[in-house]
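Chain IDs A, B, C and D follow the sequence of writing; residue 1 opens each chain.
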């Protein structure tokens, strides 16, 4: 992909910029779609219609929202810490965007094909915490501060089980590289992690051979459990219902972004949706084969067109990611919200012991079987 | 931010079309501040519920005044509450609009004569764009008021008023 | 923020600054104070040390108006007190004046009043249940409740032309007779409504998260409830089997066969938020029972015959109470023999129920305050009047 | 028990107090400085057990007196009683019953706010409905609406 761009454009710097900007374009388009999806799905669930007047069936509603937010006055409260207050939304969005660097959209395209991809994801994911804390503290508003404190406690706690779930998959595959993790699941859908991992030997991108057989089926319950747990932690890390405690509308008005208006608020909004896709995409990558087609074959292979294969892979990943985003939205409009202490209980007393337990068993099995 | 703070002396074709797009964006995405004062608040809630669904107009209720465009003053404004209403209005980001819903906030309603503690019309503390009459107004009346507000936003102009011609809408 | 660290430390050392408590103002504009209530929360971290309610942001001088108006003119103002249960408010006031004047009502009027009051009770409870769900974070049940409520409002609208504030129950009668097809409308509604109670149960009330959030929260012991004068679902949620419709009968409630619902502590302790909430859910079914029985023996007749030409009660005073959806609604009316009441005092159930909030919310978290407030089910119009 | 019986019962218990029985309403009139003592008796007496204060209303009788009316109810015996206290408008001091029936707390604040009866011994006697800096007591018959409050015009 990079070489393709280079051959087309020649200029190294321009290539790099374009290469980096690709996910951004995707992210913006996706955010518009997700915002529309949120209002339309909620409307469908609630016997309503949702936006109808903005374009046919309201499909350009998010565009109007963004254009309007651009025009809004940009308020910085008098008592706010101006530097941090202004920095926070950009940092928040940056953190979400930076994480996209290691998301492989197809076998051809990944922003940075890091060998430590999973590690990088965990590290960069924590950056969001700093942004939220900044926003809450700098706003000089008690509600914001409460929201920020809750959010930080929540994200920091839930990072532990999330990391453990990553570790489980990494243990099995033996690589921190996301491309390797996806390659390990290539072939038809029963090779996906959630169904116990590959049933035949696979050659990883690094050249190693991952020995596998139908015995892997014994991993099925373990991976299924870790998928559910990862998804739950994902909900918590993106502050979505039932864990939307930091911005609990009925308690804290809008939590850490209470004081933000206009574009800065839009930034927080965008980063929330970006994080939603991130969690969904990582779920798909870890447990549902990433960009792998569920049928194990691609249309592009039939016509011998590599670009079509890449496109299809991109399509599959986005489809899987969007499906999980849909589930997040679905849950949001169905479930009530937990309380702070229950959230912490759930993390430290349920998820973490279980995740350690699963990691232990998986590690043991991997050693025994290989 | 940016464009709306400036005023232009004459309209040209670029400005006019830009104006159209910007106004369209604003009128399609008027976010409402979700706070109610009295009886009318129930009808306001009914307007956003499934039967009337004010969200069809692109309305999104936001709890924080910073992120809202429209304040619906739904109900009786008392003297004790008036300073709070004013403060909420001041906390909203420009461009901002006020819909006065119901007789009480229009003019004091049934409390105009003996209500020693009732403010006789919210327009005594904040500027009002659209008045919706009724005690309480039906949700349909609120929707009508909403469309009036949209018309008002549509006519907003970036161009300086000329020859004493009044400018519609406020920046 | 402008203070330096040294100055702060000095303040702490001198005891001028409390370091462990934070005052948070909730309201008057807040998504979950159900109007314009302002709560001053004294917090220790997330835990609540003290709740200081500040009322009066909707004080509309009902009692002053009542003194300045004639007896029938007061009725629209009673509508606007508890605007979610306008029929019940009308009922209480009309009853007080009728008792003062000694008016006997026609059968049909009594029946219509009971049906309307019970329909209104369902409508009001639907709002209470929906907003309580919203306070806990579930938005969808709120819209389902509002959707079902609209069908009741349609019936009211067909009868008297108004959706929310009806001015329907007059002294000695009603403003309009019911519309043609009223009985069918109500029967249809009941038939359609009963399954939705189950729907709300499945979606919200027996949801694990919902129970976790509301059970054992804001437990109101019986002695506190009685001492604070709590009434309605608040009192019954604490397990007290007391309902004015049965224990201090008015109108024709003694003719029907129905149950008084009390909290049983199914999910946690008796008297917690969940119990108060469920009492409302169960009461909706009981109201359906009452309406169905009333429709079976719905008599024909003239509804205007007992309306007096001139409403001037004799000198005297009376305290009348009726069971509002929120509890005991009392009217204390003093008449001096003129066309205007000398004094009308309304004892709003929410006013009294709210006063207990400090007592039952200490030691809970901020999120619980929202739950407790929602379970009390206040209407500010009635608290501030 | 009806009001007459209760009056007889109380009169036997408090021979020193000037309790009166108003047959018209009917109600018992208690001196303002004894209402707390009488209230405790009403609440705790085995035969009365008037444990619930339904309503406490302040009244301006427009003849130079203010009054406080207590409507009591017994959850157990299911009987009611009305008790009245009458005080001159120049010296409107009544004992508080806030610690007898907790619900009286807010009701007394309301009566203080609107009528201007001062409840001696109330722990937190502030205005409740009107703003804390409001002047006058609106439900007095001779109350005149102020022209301005905090710069806002009050009359229409």
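Basically, a contact is a pair of C-beta atoms (placed from the backbone, for glycine too) under 8 Å apart; a residue touches a chain by one contact, two chains touch by 3 or more.
A quick note: this is a predicted structure, and the numbers were derived from the prediction, not measured.
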Starting at subunit A, fewest touch steps before arriving at subunit B: 1
Most central chain, Cα average position: C
Separation of mean Cα positions, subunit D and subunit B [Å, integer]: 45
Intercentroid distance (Cα basis), subunit D paired with subunit A, Å: 64
Cα-centroid distance, subunit C relative to subunit D, in whole angstrom: 25
Touching two or more other chains - residue numbers and ranges from subunit C: 30-31, 56, 59, 61, 64, 143-144, 147, 384
Junction residues of subunit B - those touching two or more other chains: 50, 63, 80, 113, 116-117
Contacts with 2+ other chains: residues of subunit A: 46-48, 249, 253
Category of the chain touch graph - line, ring, star, complete, other: other
Chain pairs in mutual contact under the definition given at the outset: A-B, A-C, B-C, B-D, C-D
Complex contacts: residues of subunit B adjacent to subunit C: 34-39, 41-43, 45-46, 49-51, 63, 65, 75-76, 78, 80-81, 84, 88, 110-111, 113-118, 135-136, 138
List of subunit C residues in touch with subunit B within their complex: 28-31, 35-36, 56-61, 64-65, 68, 76-77, 80, 83-84, 127, 142-144, 146-147, 149-150, 153, 163-165, 380-381, 384
Contacting residues of subunit C [partner subunit D, same complex]: 55-56, 59, 61, 63-64, 67, 224, 226-229, 240, 242, 247-248, 316-317, 319, 321, 328, 330, 332, 334, 342-343, 345, 347, 351-352, 355-356, 359, 384-385
Touching residues on subunit B, where the partner in the complex is subunit A: 1-4, 21-22, 24-26, 28-29, 50, 53, 55-58, 60, 62-64, 66-67, 69, 93-95
Subunit C partner contacts - residues on subunit A that touch it in the complex: 42, 45-48, 79, 81, 140, 142-143, 146, 241-242, 244-245, 248-253, 333-342
